[in-house]
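Right, one structure below, let's go through it.
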Amino acid sequence: MTDTALYAAADRSFARKRLIAFAIPAVILLYLAYVFLAFDIPGLAQRARLDNAQTLMADIYSYKTHVTRDNRSGEVTVAIEGERRGTYPQGQAPDWVTLEGARTVIDLGGGNRVTFLPDAALSFEIAGYGTVAARIDGRQVVADLPEDLPDWVSLSRSRLDLRTPAGRVSLTRNRTEVFRYAFGWELFFFTLDSPYHGVSPAALAFGPQLDPARSNLAGAWADFWGNAMWHHADVAWAIFETILMAFLGTFGAAIVALPLAFLAAKNFAPLRSLRFLFRRIFDFQRGVDALIWTILLSRAFGPGPLTGALAILLTDTGSFGKIFSEALENVDKKQIDGVTSTGAKPVQRYRFGVIPQVTPVLLSQVLYFLESNTRSATIIGAITGGGIGLLLTQAMITQKDWEEVTYYIVLVVLMVMAMDSLSGWLRRRLIRGDDGGH
Amino acid sequence: MLVLESLTKRFGANLAVDRATFKLDRPIMLGIIGRSGAGKSTLLRMMNRLTDASDGSLMFGGRDVLSLKGAEKRAWQSQCAMIFQQFNLVPRMDVVSNVLHGTLNRRSTFATLFNLFPSDDIHRAIDILDRLGIAQHAPKRAEALSGGQQQRVAIARALMQDPKIILADEPIASLDPMNAQVVMEALRRIHEEDGRTVIANLHTLDTARRYCDRVIGMRDGRIVFDGTPAQLTTGVARDIYGADETFSEEATSTEIRDPQGAAGRMHAPA
Amino acid sequence: MLVLESLTKRFGANLAVDRATFKLDRPIMLGIIGRSGAGKSTLLRMMNRLTDASDGSLMFGGRDVLSLKGAEKRAWQSQCAMIFQQFNLVPRMDVVSNVLHGTLNRRSTFATLFNLFPSDDIHRAIDILDRLGIAQHAPKRAEALSGGQQQRVAIARALMQDPKIILADEPIASLDPMNAQVVMEALRRIHEEDGRTVIANLHTLDTARRYCDRVIGMRDGRIVFDGTPAQLTTGVARDIYGADETFSEEATSTEIRDPQGAAGRMHAPA
Amino acid sequence: MAHIIDSAPRADTRAHYLALVQRRRLYGGLTLALFGLMMVSGFMLADARNAGGFWSGLPQILDFPADVWRDASTKLHLLPGHLVDFFPALLETLNIAAASTLIGAVAAILLSLLATRGLALWPAMIPVFRRVMDIMRAVPEIVIALVLIFVLGGGPVPAMIAIAFHTAGALGKLFSEVNENADLKPVEGLASVGASWAQRMALGVVPQVSPNWISYALLRFEINIRASAILGFVGAGGIGYELKNAMSWGQGKFDEAAAIFILLFLTIVFFDQLSGYLRDRFIGTEVRT
Amino acid sequence: QEITEFRIGILGGENAQDRLASHACLQTYTEEALGVPAKLFAPADYNGVIQGLLGGTIDMAWLGASAYAATYLSDPEAVEPVLVKINLDGSYGYHSIGFARKDSGVTSLDDMQGKKFGFGDPNSTSGYLIPSIEIPQATGASMENGDYFGEVVFTGGHEQTIVAVNNGDVDAGVTWADGQGAWEDGYNSGALRKAVDAGLIDMNDLVEIWRSKPIPEGPIVLRKALPDEVKATMTALVDGMYDADPDCTYNISAGESLGFDPIAHEAYLSIIEARKAKSN
């Protein structure tokens, strides 16, 4: 009898548990389904541009050199990534391009060869396929290709486009272009106008002096640091500015928040109303968020790292104010009593009764924030105009050089991880080794 | 010398200390006993001015202690050292720094904020630690010490204040019997050698009997006994503790029986 | 039935279990004694495959237990229940759920995650709890129970596995004498009524003598004694525990002397 | 004699301690000086590299809010309409935050279990999973969002994926710290009955750690609301996008900006307080039981 | 009254590094002419520059006409227009150009019904203000989502618009160009030309679908509060740049031009009115 009652009770309790076990995932799934529809994820598949992803992936590890002939003037230019700053001086070209007056022979490697012929004509020897010849006939592009075009060819009246693994060739009335792809980040170390371009590191270190005015190492460093395509010096400054924003913002906020936190802590606030007021101010500062502070401050201070630092400072004063005052509310009264009983003055009471207790909590919080603020500073920089964040977002928005974007991303990730390790290291060191309670 | 007149503390409706009155006319070692909640701590905290009294007066050397304010109040606190059950040290600071806190009242705020204590003080602190047998722990953090050692650091801090009176609020309640004995002996020695008044809250009868010259018993905030240890019979104790017939002294004992049979009072009652 | 051959476990340079060899040919109740660090726990954990053996073999019914992997290994674990000194229940879950965990191996992961235990199992769990005298605690959280009750829940979980062998690692070490007796009696009853093999690590001699059919003594990882309780003389015990002349059995005893004077072995040795 | 023996170690202690104090003062002083120097020079450098100076900017700090107020105050009657108009954008921002927190938390649970000693399914892989979480945590959301906007087009999905990715790393680390403190006994108990890894985790670990997990996830949700608003600034939709457009137009649309700001601010404060309250409750229950 | 440094703000249109690089020559000339350090700032968007000018943290910038109007409407005393870029044919107007991908089949606004249309930055004259007034006149419908176009979005800037159209993220967009020279080159100057020079697009992939009436070129503005001799020096410097250093002129004027000529506030009155009309 008791057993049947127990059976029934257990059955009921398990029925309830099953209900909960199913209800929670069901609610979550239902919500995700709603989000799925609200965000139009089914439509995403159509909108997604996988060719973009491909471009991006290819750009990350390779670059292309453009060989362009202006079909009106017949002038041939060779430019890395087609950029002004990556253009070979007139009459010069990499060794796989042979300039022979009206003819230009471009060796794409592996038996693929493009020849620019006079009068806007070209021939393209494709390994394993044959030769494609094309020219401009009046206003129209004509090419000797079979009726059904292979899928790597696109031909219209105004344009011929041939995409082969060795490279890409396009012909329009105005110009003929050949792209040759190569691994690596182009001109990462030296631009074309540097005497050190294409010189091996060993030759740099031990070889003959290349520039009479400068020693090889000093010259190489100067040319690398001032690289006009990669702007290494500017990038280094940008990283430094970002870290500076995080550093000033975080520690500035900690310094401002500490005395205010006393006014907002239950056990230290002289007035209840004052405590309430400061709590609301902290909530406000956090609620407004660094992003909006940045916008508000940029009127007064203009673009630059100081504005970003102040924005972080304002938000974090709110966060720290809250965290610190909670830490202060949890202090151990005994230590304060101990110091008070010796006749210590109020300031001494805080110095010895309170500060040593809260320092570990405070310090570890501040250091945690330092790391996360490095990330925030990247984002804020993108908005105020400062630091690596601006370079990164601008490079991304203009969607041009994904290798630069990759470079910045790698740098940002390394920067954040470095700050993470640094703050972890400081946390371990200071909190264990801190005996003065500084 | 020290005169309490109807010293009273009210917490809301609760009378924690109810018209406590007694008088010390020379430095003695005074024990205050009573069960938990009897008002012992509150009494001591009022004497040190950690807690404000509700009523009554406390005179020391003719001065009205309760009316002192600000710097004068703190000066009084520095003359009237306090030792706590939980030691109340700053655990993350080293032992010497903790002892040096005893000089805070005398030194300028600014210098102490940066931990700049004169080296004379540092030497004296080490001497005091040495006297209490824990000089070798000087550079350690307070939290790294055992309970008994921490309590001796607290005593050292009190001595550093060079006080007229030492108030000790259940100084041995969190200690094991061995450490309890060391600490009580240290307090006794300070009383005897330096001639300082020591007032100690104790919750065990035998400790009071063994170390004190005079014992005060409190119950529900009132002083219900005031006499020599010899007058403190089991019957009186039963009254103080509000216990019934089954009360046994051993229940409150923490004493270590001396194996040589030399246990007992260290000295004759005053 | 169960054959251990040179079963060995090395932790770095330390030989926790050193070529343990014994054989059980029918279900008995086996006690393993030895002092702390002798390797008792490690031996049991290897048998349950919670810890991988370094060397040797363990055969059960002709099957090589040590070579089992994945699902087969888990199937073996479900046939060879384990009871821990610290109970190792899920404290925040109710008693019945904890007992039902004994069926995890048989049920699909998905079903168990959603609490889809068949109601037959639920009823059986309650029956088992009833058999162990704690059915009334079925709906409570495990953490709300006393130690002895929790250990009985652990035994219930073991029974729920319907195992051939029950391994118990110091099942009574964290229990008071009263609860220890209840738990040991439950284990004995399970052995006798269900005919299951019970292997229990015990750190007290008298418990082993009183409840076991056969006793193995371990010292420094090696099996130094294997015999009936009757053969376990004080001299032998002294060898096992590595104690000197002052060794007294009472030092390890946790037995409650029966006030009616009916204490003693519950049954004749096998 | 006894005196000499007695005082020798004391002199030693003194010298020893004084040396210690000297050293500590030196290091403390140096640290403090270094820190002060870094703060001051860092401030001066930032000041120099900024377009406007700190001291010259300080008196103007209220100019912008004043402009906004001047513009918005004449159009207060439009405010309720704006609040309604922008509510769907706010909802989108909240949905991004909630969905990414959910997805990120689920991934974080898996990652953290795989990266905790004693719980990991493949103990040898623990360092790998830890590194993975470190990297996921280090990548700012904005980076992933912008890359995904390139591939997927603008809208909430890139933001959601970006935030979820970062959340998985950030929560994963916190979760694995919680997991490390979990009691392994119940897990061992379940292992002894032949439970599979999933069963051991779900029945042995989750009940212990879920209050802390939930508390951290709530905190993260709060952070993610801000993150998703910020991502709107770079084209990921939601309230941030509206705010950027209104703010950029400036004079003339400050009433819209003000309305959006009020919505965003109230939302952040509301969820801040709500999550604070819920966290107290969850941690509270844990303490109680 | 003295200045200690001179701060030049550069509007969006290129990525930040390239913007700074193309203005480096101007920075050098400024330092030579004024004898104080010159600094370049490249905020992320128009608003950054406008706020800088209003707050007095940026001394000179080349604004779009609409951005000038925004600045003027916020504070008439903040800046004054001094110079304007002169096109190769001597005019100082330019056009808002609507364009689409050639392979999308869109050749005019008529084909855009129900499709996705992209503006640039809300503060851009050609990227938002003028098309948002003139296109509704042409289509006879508002720019609200679904009214004529299926969806109307802000891409954030000229360069983003070009990329978005080129990628097919939007079906058509508007940006600025002088409308002179060859379409294939992206005209003589403007955002399209810059994109072509940067190797970003091939103009053969794109078609023009709409062109606005001429828009007055945005002015180079100086902060009114600057000392008069500084204003005069800077005006003279930029005015004479075309003769002194054509390459630098090419860099700072986003393509080929005849340099800069003086202009006054009155040239922008109509734009200011248009902008007022677009405000709530």
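Note that the chains take the letters A, B, C, D and E in the order they are written out, and that residue 1 is the start of every chain.
In this section, a residue touches a chain if its C-beta (ideal position, glycine included) is under 8 Å from a C-beta of that chain, and two chains touch if they have at least 3 such contacts.
All values reported here derive from a predicted model rather than from experimental measurement.
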Point to revise | Shortest contact path, subunit D to subunit E, counted in steps | key: 1
Study note, to complete from the structure: Co-neighbours of subunit C and subunit D resolve to A
Point to revise | Winner on C-beta contact pairs when B-D is weighed against A-E | key: A-E
Practice item. Write the angle of the rotation needed to overlay subunit B on subunit C, where the fit uses Cα atoms and the result is rounded to the nearest 5°. Key: 170
Review point. Of all the chains, which has the CA centre nearest the overall CA centre?
Key: D
Practice item. Starting from the mean Cα coordinates of subunit B and subunit E, work out the distance between those two points in Å. Key: 82
Practice item. Would you mind pulling out the distance in Å between where the CA atoms of subunit A average out and where those of subunit E do? Key: 27
Exercise for review: Give, as an integer number of Å, the spacing between the C-alpha centres of subunit D and subunit A.
Suggested key: 18
Point to revise | Whole-Å gap separating subunit A and subunit B, where each centre is the average of the chain's CA atoms | key: 64
**Study point:** Sites on subunit B at which at least two other chains make contact
**Key:** 115
Point to revise | Multi-partner residues of subunit E (each touching 2 or more other chains) | key: 7, 9, 41, 51-52, 54-55, 57-58, 156, 169
Study note, to complete from the structure: Touching two or more other chains in subunit D are residues 28, 50-52, 57, 60, 63-64, 67, 153, 234, 247
Practice item. Give the pairs of chains that touch; include all such pairs. Key: A-B, A-C, A-D, A-E, B-D, C-D, D-E
Review point. How about subunit B: which of its residues touch subunit A in the complex?
Key: 48, 50, 73-79, 81-82, 84, 86-94, 101-102, 104-105, 109, 112-113, 115, 141, 154, 157, 161
Point to revise | Touch list for subunit C against partner subunit A, complex | key: 94, 96-97, 113-117, 119, 122-123, 125-127, 130, 135-136, 138-139
Check your understanding: Tell me, which parts of subunit D touch subunit E in their complex?
Key -> 50-52, 56-57, 60, 63-64, 67, 75, 78, 153-154, 234-235, 241, 245, 247-253, 255-256
Check your understanding: Considering the complex alone, what residue numbers of subunit A touch subunit B?
Key -> 334-335, 337-345, 347-348, 351-353, 356-357, 359-360, 434-437
Review point. Subunit E touches which residues of subunit A in the complex?
Key: 49, 52, 66, 79, 81-85, 158-159, 170, 172, 174, 228, 231, 234, 298-304, 382-385, 390-391, 393-395, 397-400
